[in-house]
Structure formats: C-alpha cells, structure tokens
Amino acid sequence: MKEVPLSTCERTSIVSALQAGLRYDNREFLEVRDITLTFGKDYGCCTATIGQTRVIAQVTCEVVEPRPSRPNEGKLSVAVHLSPMAAPHFEPGRGNDLVDELQLILDRNIKESRCLDLESLCIMADESVWHLRVDVTVLNHAGNLGDACNIASVAALRHFHRPDVTVEEDGRVTVHTLEEREPIPTFMKKVPVCLTYAFFIVDDYCYMLMDPSEKEERVMSGKLIVGLNPHGEITSLVFPGRVSLQKEQIVSCIRNAFSKAKSSAEMVQKAVDEDIEKRKSLIKPEGFINCLASDARYARQRIMRKIKTTSKTEFKIPQEPVEDLQESMDEIQIKFDPFDSDEVTTPMKVKQHTAKKVKVSKPREVASESEEEEEEGKLTSQDLQ
Amino acid sequence: MTTMDIWKTFEPDTYYKSFLEKNKRPDGRGLMSVRPITVKVGTITTADGSSTVRVGHTTVICGIKAEIATPVLRNPNQGFIVPNVELYPCCSHMFKIGPPGEKAMATSQFLKNVISSAKVLDLTDLCIVHNKLAWCLYCDVVCINYDGNLYDAALIALMAALQNVKLPAVSYDEENDKASVDIERTLPITLKARPVASTFTVYSDSIQLMDPTAEDETQGSGEVTVVLLENGSLCTTHKPGGQLILPNILDTFVDLAKQRVHAVNTLIGKEINE
Amino acid sequence: MAKHACQLNFLSRSDGSALYSIGNTVALASVNGPGEVKKSNRHYNRSHLEVCYSPSTGQSMIGERTLESVILHTVEQVILVHLHPRTATNVTIQEMQSDGLALSTSVNATCLALLDAGVQMKSPFAAVTCCLTPSGTIIIEPTEAELKESEALATFVFDGQALNVLSAHQEGCLDSENFYACLRKCQTAAKDVLNFYRRIMEEKYSSDKSYN
Amino acid sequence: MSLKVGGAEIIGVVLPGDEILQFNPDVNKERICIGPGLRWEDNVVRATKPGILKKTTKKLYYVDTHQKRYIPQRREFVIGIVLKKKGDYYTIDIGGSEQATISYLSFENASKKTRKEMKPGDLIFGQLLVANKDMEPEMVCIDTYDRAVGMGSLPEGGIMFNVSLHVARLIVNPENPFLLNISKKVQYAIVTGFNGRVWVKAKKQSDMVAIMNCILMLEVMTLKEANDNVFKVFESFSRHGLK
C-alpha cells in the first residue's frame, strides 16, 4: 500500500499554526510527548511509547567466539525492523531510508558509544564471549521513531539479565537456566539519550520543535538528532540535509538537549530499577498482560489531562440568545441529493471562499457564505455574533 | 485437441465436477482409492542413504548426507537430523526460482514435525562421543515431478532413505582428541517408528478425495493430512486452513489411513531387504 | 482454562488491531485493508491476502513461516475475499511475550483485529490449544512448563457458526481415542472463546449506543 | 446520504455469521431491504461485519460498524487530494484502494476552453458518480443540473485532518448537537467527507486547531463526554490566542 499523499492544505496549515504559536496537539514548541516504559515477563523485553508512537525491544544473548582483533570483548548488535504494522506503507522484509536512518542512529548511540562495558561480557578470552542482540520493532509510527527506538533499546539493555555460566575444564561452557542460578545483570556505564529537533523554515524565520509528530515530520524542512549522555558527551549528531542552520542554532539545540538529557536518562533508570525491584519482591512478573494501554486510551488520558491542567476557572458560555441560534439553523437546514431530488432549486452562485474573505468580512457576510454551503447538507456553519 | 481437452481448458470447474458426480476422478480412480506407489532405495550412490519414490506421477528423491558435528551445549549427547525440501521449477509450473516458497517450507516443517512427534530416531543414537562428536543427518528431499500429494511422497521417501542409511564406524582417540572414520565398517541406524502420511483433499462437505493429484488440489479447497504409526496411533494431524470439516469426517480419514500404513510399510520393507 | 484478555484498537495507524493474551502469551495483530495492491499480487476476482508473523527475537525462521501459512489459509477461508477484487489485505502479527501458546494466541489476535477493522467475513474463528500429560489428562491452554512435560500437543481452529474444524495442528503422538477427547474438549473451550469475543465487541460498541 | 441519528431502531450488537432473520422471498411476502454489513444466503440473512444492527422504519436493516478504511460507495461525498493530471482527467486520492478520476469537465461552468486548473496537492470536495468493486471510482463536482452546489476545490487556509468513518458519519449531520455546541464558541465552516476527511475553516488558526481537537475527541469518547469537554478544550487553546 502506498502512503497517503499529503495535501497542500495540510502542509500549509501546520506551518501557519506554528506561526500562530501552536502545535496541533497543543504542546509547547519544546515540549515532548509523554513517555511510558513497560516491561515484559522476561528480562530484556521492553515497550516504549512516546505519545502514540510505540516500539518494542527484545534483548537476546548467545555464546559466540570473539573477534580475533578484540579477544576479550563481548559483542553487541542492534537491529531495527519496520513492518506494515507500524504504518501500512512499509513493506515487510524490505529496507527503506527510514530503517537505514534508525539503524545508523542506534548503531552510533548504543554500539559505538560504548555505553556498555563489553569486557564484562567476556567469558574466556579468545574462546567464548557473550553476544547481546537487541531487536527493535516499530509497532506504531506516529513520529519521532529515533527517540522511541533509542529509549526502548536502552531500557531493554539495562533491564536485561544474562544467564550465569560455568566453564568446564575442557573449555566448554555450560549455560545455566534462570531457574538453576540467579542471572547476572548487565552493567551500563552511561545511559545514551537521543533527542530529535525539527526545523521549519518559514520566511527566513526558523521554528524549532522537539519531538515532532508524524505529520510534522512530513512537513518539516529538516531535523537534527542529537545522541548524548548526561555526562556531557555527544555520541552522535545526525543532520539530514534539506536545511542549513546557523551555528548558534545548533549550539542552542545542543545546549537544550543537555538540559533535558539528565531527566530523560533518570526516567529510564528509574523505570528499570523499579521493575527489577518489583521482580525481586514478587514471585511472578506480570508481563504485558493488562499493563499495556492502547493508543486510544493514551489519547484519552492526554486530552483529559490537557483539559484539567488548563481550565481551572469556570468557562462562560457566550451569552447568545438560543432563539437566534435556532433561527439561523432553520435557515440553513436545506438538504438535497443532487442525484435524487427533482425539485428545482435556484442555482447558487458559488463564490470562491478565500482566506482573505473570511478574515476581513463582517460576521453577517460569513454567515451568508456559510448558508450557501449549507444547501448541500454537507457543510455546517453557525454564525452567532 | 479433442473435445474433452477443450472442455477441460475452457471450463475446468464443470469438467471436473462432471466426474465427481459419477464418483470418479479424471484419472479413473474412485474418490477414496489411491495411486500405485513404487519405492527404490540406494538410487544415489554418493549419498549415505537415498531413495526414489513415485506416487502416481509425483516423483520425489531423497538423499541423506551424514556429517560429523559438535553437539549443542544444551543437549550434549544428541545428534541432529535436518530435513529440507526443495521444489524447483522443473517439477511444476507452480514453483518459481528463488528462495524456498511457502509449499517447500511447509513440507520441510511438516517432515521435521513428524520426525520429532513420532520419535522416529533416538537422537542420542547419533551421538558418537559425549559433548564432542555427533552425527548430523542432512535429509534433502527434491521433487522431480509434481502431481499432488507431496506430503505423502516426501515422507515415504524420507523413511525409505533413513532405512537405507549406513553410517561408517567412528573411533575416537581421547589423548590426541582425534576422530577417525572407518569407511569399511558401516552400520544401519535403528528406527523407532515408521510413520506413514495420508492426505485427503476436501472438495465439499460430502466429497473428500484421498491421495489427490495436482488437479484435485487446485479444484478442492484445503487438504487434511493424517500421519499414523503402525500401532494405529495418530502422530500428526495437519490441516492448514481450507474448507471446514466435521469432526466425524476425520474419523473416516483415520480408518482409511490405517489400511495404508501397513501397505506402505511392507512395500518399503520389501525394497530394503532386497 | 487460562485467562483471556484483549484490547481492541490498540494501534492508531492500523485499520484494525488487537492485543490478545492467553495466560502469559501475548500477541499483537494489526490488519490493514482492503487497500491498494501491487500489480504482481493483483487478482481479478478476489482480495490478495498477506500474513506476516514476526517473533520478538530476530528474523523469522522456517517455523514462523509455517505459522504464517496456517494463519493465511485459515483467514482466507473465512473472510469474504471476493467482495473486494484488486485489493490487498495485510495481516501483521507481532509476538510480544511467549509462553508456549503462540499459534492459538496469534490466531485469536488476528480474528479480533479483523473484527476491529470491520473486514467482511463469514464468521469469527477461535483457536484452542490443549496438551496430553503422560498420566493421560488433557490440559486446555497449558503453560510452557506444562508443554515440556506433555506427550502431545494439539491446536484446533474452529469456526464460529457450527464449531467445525478450520485448521488443525498436532505435535506428538495421540491415539485416536485421545485425539477425539482433545477435539471435544477444545470444542467446548472454543465456545467460551467465542463468547469472550462477543463480550469484547459489545464493550467496543457499548459507548456508541449512548449516541442515540 | 447522512443517516438521521435516532431515526433507526437499535437491535443489538452482532458479530459476523450471526443469523439476523430467516427470509424466503417465496414465502415471505413483505419486502425487506438489507444494507451494508449483511448478506442473504440460503434464505437466511447473516451479518458479515461486527457492529450495531439497526433497523429503519422502512424495514432497512444495516450494521453500523466502526472502521477506519474507506470503501468507496456511489453517491457518497468525499474529500480527495489531487495527485496528478492525466490527459483529460485528474487522478484523485480518496483513501480507497484505487485512485478516483475526475474529468476536467465535471466542474461547474467548465468547458473545453475554460477548463478547471488544479495543482497536485489541492483538496477537492465532490461526489462519487461511479463506485463499485469492479470499476475505478469516478468523481464529479456537479449535480445532474450541472450546478456545483458547494462542490469543487476547497479554498486555501483551512485545516484538514482524518477521523474514523463512524465519526465522520456522525458529524456529517449539520444538526448534530456537538457541532452546534462548538458553534457556541466560534463561527466556522466544516466540510465532511464520508471517507473520514474533515476540512474546517475558522477565522483564527487557534480556533481551527481547537475545533480539530474537539472533533478528534469523538474518537475516544462518547458524544456526551465530548460535549461536556468542548469548552474546556477551547479554554486550553485560548492562551495561544492571546499571543
């Protein structure tokens, strides 16, 4: 299935909303959507949501031979999968630019940043080491997959416990099941954080947004993905062309990223530690059952919270007489089906309803215009002022 | 082209239906009768065990190659058996060049499932030295001519080839950590069970066809395969979707399959002993 | 019977989706379609159906491909493919958490995702797994630990109208007596599953009734 | 066209395969009509979709389903996105499995000389003249008397978003109390396509976005809840209006 094309209207309205200082989901420009982390029954399985974006990461391990060049280091690999589940236009088993980009971000942020102590994954130098593999699958694509994939894989890695091993005399390794022996936690030195900034260039003015939604991603002029850790190190910078930025803008971006990195990293650490604590006290971890909320429920929660935080005061309904409303409604309730109706209605002169017109016109004029639209029974407009 | 051929080309559905109405199939068989089976073993001299099986026009070759491998950590005293089915375009226009298709994969998985369910082999028998050496049997099944009922033919070929396998004796020198193979001395492997598959195509609620040809398969909707052991117990039922069946129809399938088990196993036994 | 749980409309981008769990096994299914189809898959008389199963760990192997083909043939039989010629319907299943019941959980998740998407079909379908212990008792919807101990395992998919068998999958040996005992037990369990579906759908539409 | 809410009797929630009623045209003399989501086979009417079974006074039975994917139906009004010009036709995306076409003559006052020019990406509101499973859908922007009656390309400056089809069916009715409730706050024009696309225009950007958020509430809330929250949503957006 092909991606639904983006109309000019959607493109321009996002930009003009930004010019008016607001985003579609009523966020501040530098506000990120809610992040939740949920852990599965097994160690190293984690789903992360950022708003309606949803990603699952699973860590698996096996005993392999080390690279000859690094005989005492374990291996770590990350793989990203995009299936038609994420969005209908992705094809199963076929790569695209987005997968390549995500793969690049994760490789740099997690593998090449050496956030994990690979030497601790060594069982016997030159003989056998652990190979940790992180599989990240995108379940729902609603923008900002980079941050979501990063957070899910970091949380999964921190959460992961590898089974204990004993080395036999002849050099063969016996892996103990989780029931036989307590598994060993992975040690993560630094928590990598990934933050995405979207840029919209409108009339020489640059708007900077954090955590772009899917629609914003399709419209934006360019983006900067900053990979960093709270220790003040930048691990990666991905800046796919299409826009040229001032030096100061990038610097301010990075400064902002560092201010957010700490809280983001702490959030992940806290979520992982809490879950592991729970596992120690409870006999059986609950896993995903009943603790994953659907996108619809998240959306609902978000709306309710937005409403609550903003409206403390009682809202006043505009003092319009109800009769007036009724009158104007009666006027415009003419419906007909052009294919069915035999009655002859007077042909209507159709005006081009331009944006300008609505802006400058007096309220009454807007009403008359809406009435015309009403004739089809498809368009409604109420004029009350 | 005869009139019958033209009819078949233009209206395959009614052509086929007209046979079924008379309780016959286009190849002259009744609904529940099977095609003749021929089995030959040792047809590939370079393999450690091999067989060629014909079920009607369906021809399948199975070759088994034994290799020495290291057992996995989890099961240090077990060998391996790896069945693999290949369907090349030469056997039917249905198959295309490239990675194995759905049918080939399903058949490989089916064979694997039957071997483990029926416990055809005791995998510990394939172990030579604990935690060091074990036999790995690669069973490659290749279809040469496809005319329906691949499951039955592939399983018969695999079973016949397994009974034909002769493994060379291996001696292991513990001090030098070296193994030597004695090609002169060979031993057959013991099979614990000899399962036989019977496939039925469901045409409608009241019409089922045993041992379907390729034409039966395209006309019908969905197959049911039951695999039985000699003692009559069901070792696998495989019905991947397709037309609904009533549970009591399964009963008749099992009864018919029971008769087939004996016939097929005597046929293989005879060929092996020759 | 193990506890069944389900959440519909789980993903915002899919036309229909369901998170389904039986016991500790959790699967997520998403359905898209009937939508645009590639030229090579276009059928003049029916919708093209594609099933993709991805396990939580790594790439799909031959076992997963078999699972895909079982689900594909089951769904193909049930949905009214001829109503939407020259279209494609995609089913994607993601294993979230495994505890031995991957097949039945995926099949049930697929069914509910199809119901959520409003794809036209003949009837719903329900899968039930059971296993036979060495002592001869039949356990419906066992856990992975119970499966390891068991002699044989059988999964049946039933249609929602007359509870006829749509698909069957068996591993391990069963004599015919035990086989029918399994079949009958699963059939009774399938009724409960189908009732569960109804409850889920009634919940989904309960809010809608208050519109009027 | 739009179904009058409350005009139909609700029978209950059905699942595919459920038997609705026995109907044998040889025996039953009274006529019934079966609408979407139902199928008549072997003298039994069965559901093919899950949803709420409804019955109108004219014995029309149909199943009201919540779904997101649009399947084109004749006579339905849809909002399309112009994809490209192809000879005498434009191809339009209407969210179905195939692209719709519209002749450049199917606009009001269009002739071979004064043809309607549209750019890719433009929005167009029209009616489906042809839509069935075996043919490509065709759209028109005129009625049988060659009048536009409000159809045509949508003006600039609006805001377009997608909703589920059942939400679209709900708000296609101009008398809908929810839309009236919003109108107590701002004046606006709304165009709803049966394919789940909604176009809204108001004076201020913030109002348009607020209306969008109000309508999107219907996806996850009942009508009553959403109605109660309309003003609160506007309140949450009002701070932007001050900027």
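The chains carry the letters A, B, C and D, assigned in the order they are written, with residues numbered from 1 in each.
By definition in this document, contacts are C-beta pairs under 8 Å (C-beta built on N, C-alpha and C of every residue); 3 or more make two chains touch, one makes a residue touch a chain.
Protein names from UniProt, one per chain: A = Exosome complex component RRP45; B = Ribosomal RNA-processing protein 43; C = Exoribonuclease phosphorolytic domain-containing protein; D = Ribosomal RNA-processing protein 40.
Computed from a predicted model, the values in this text were never measured in an experiment.
Least step count on the touch graph, chain B to chain D: 2.
Annotation: A-D is the more contact-rich of the chain pairs A-D and A-B, by number of C-beta pairs in contact. Relative to chain D, the chain whose mean Cα position lies farthest away is B. Centroids built from CA atoms put chain C at 29 Å from chain A.
Chain A and chain B have Cα centroids lying 49 Å from one another. Chain D has its Cα centroid 32 Å from the Cα centroid of chain C. The multi-chain contact residues of chain C, meaning those touching 2 or more other chains, are 15, 32-33, 35-37, 88, 159. The residues of chain A that reach two or more other chains are 296, 299, listed in rising order. Contact with two or more other chains is made by residues 221 of chain D.
Taken pairwise by the contact criterion, the protein chains fit none of the simple patterns, being neither a path, a ring, a star nor fully connected.
All chain pairs that touch, listed by label, are A-B, A-C, A-D, B-C, C-D. Residue ranges of chain C in contact with chain B, taken from their complex: 62-63, 65-66, 69-77, 152, 154, 157, 159, 162, 164-176, 179-180, 183-184, 187.
Contacts from chain D toward chain C in the complex involve residues 5-6, 8, 10, 13, 15-17, 37, 39, 48-52, 64-69, 71, 97-98, 133-134, 166, 170, 221-224. The touching residues of chain C, when paired with chain A in their complex, are 3, 5, 7-15, 17, 19, 21, 24, 26, 28, 30, 32-33, 35-37, 50, 52, 54, 56-58, 88, 90, 92, 94, 96-97, 99. Interface of chain C with chain D (complex): residues 15-16, 32-37, 80, 83-88, 115, 117-124, 159-161, 197-198, 201-202, 204-205, 207-212.
Residues 1-2, 75, 77, 81, 83, 93, 95, 108, 119, 121-123, 125, 127, 142-145, 147-152, 154-161, 172, 174-176, 179-180, 183-185, 187-192, 199, 201-206, 208-209, 212-213, 216-217, 219-221, 229, 231-237, 239-240, 243 of chain D are the ones that touch chain A when the two sit in their complex.
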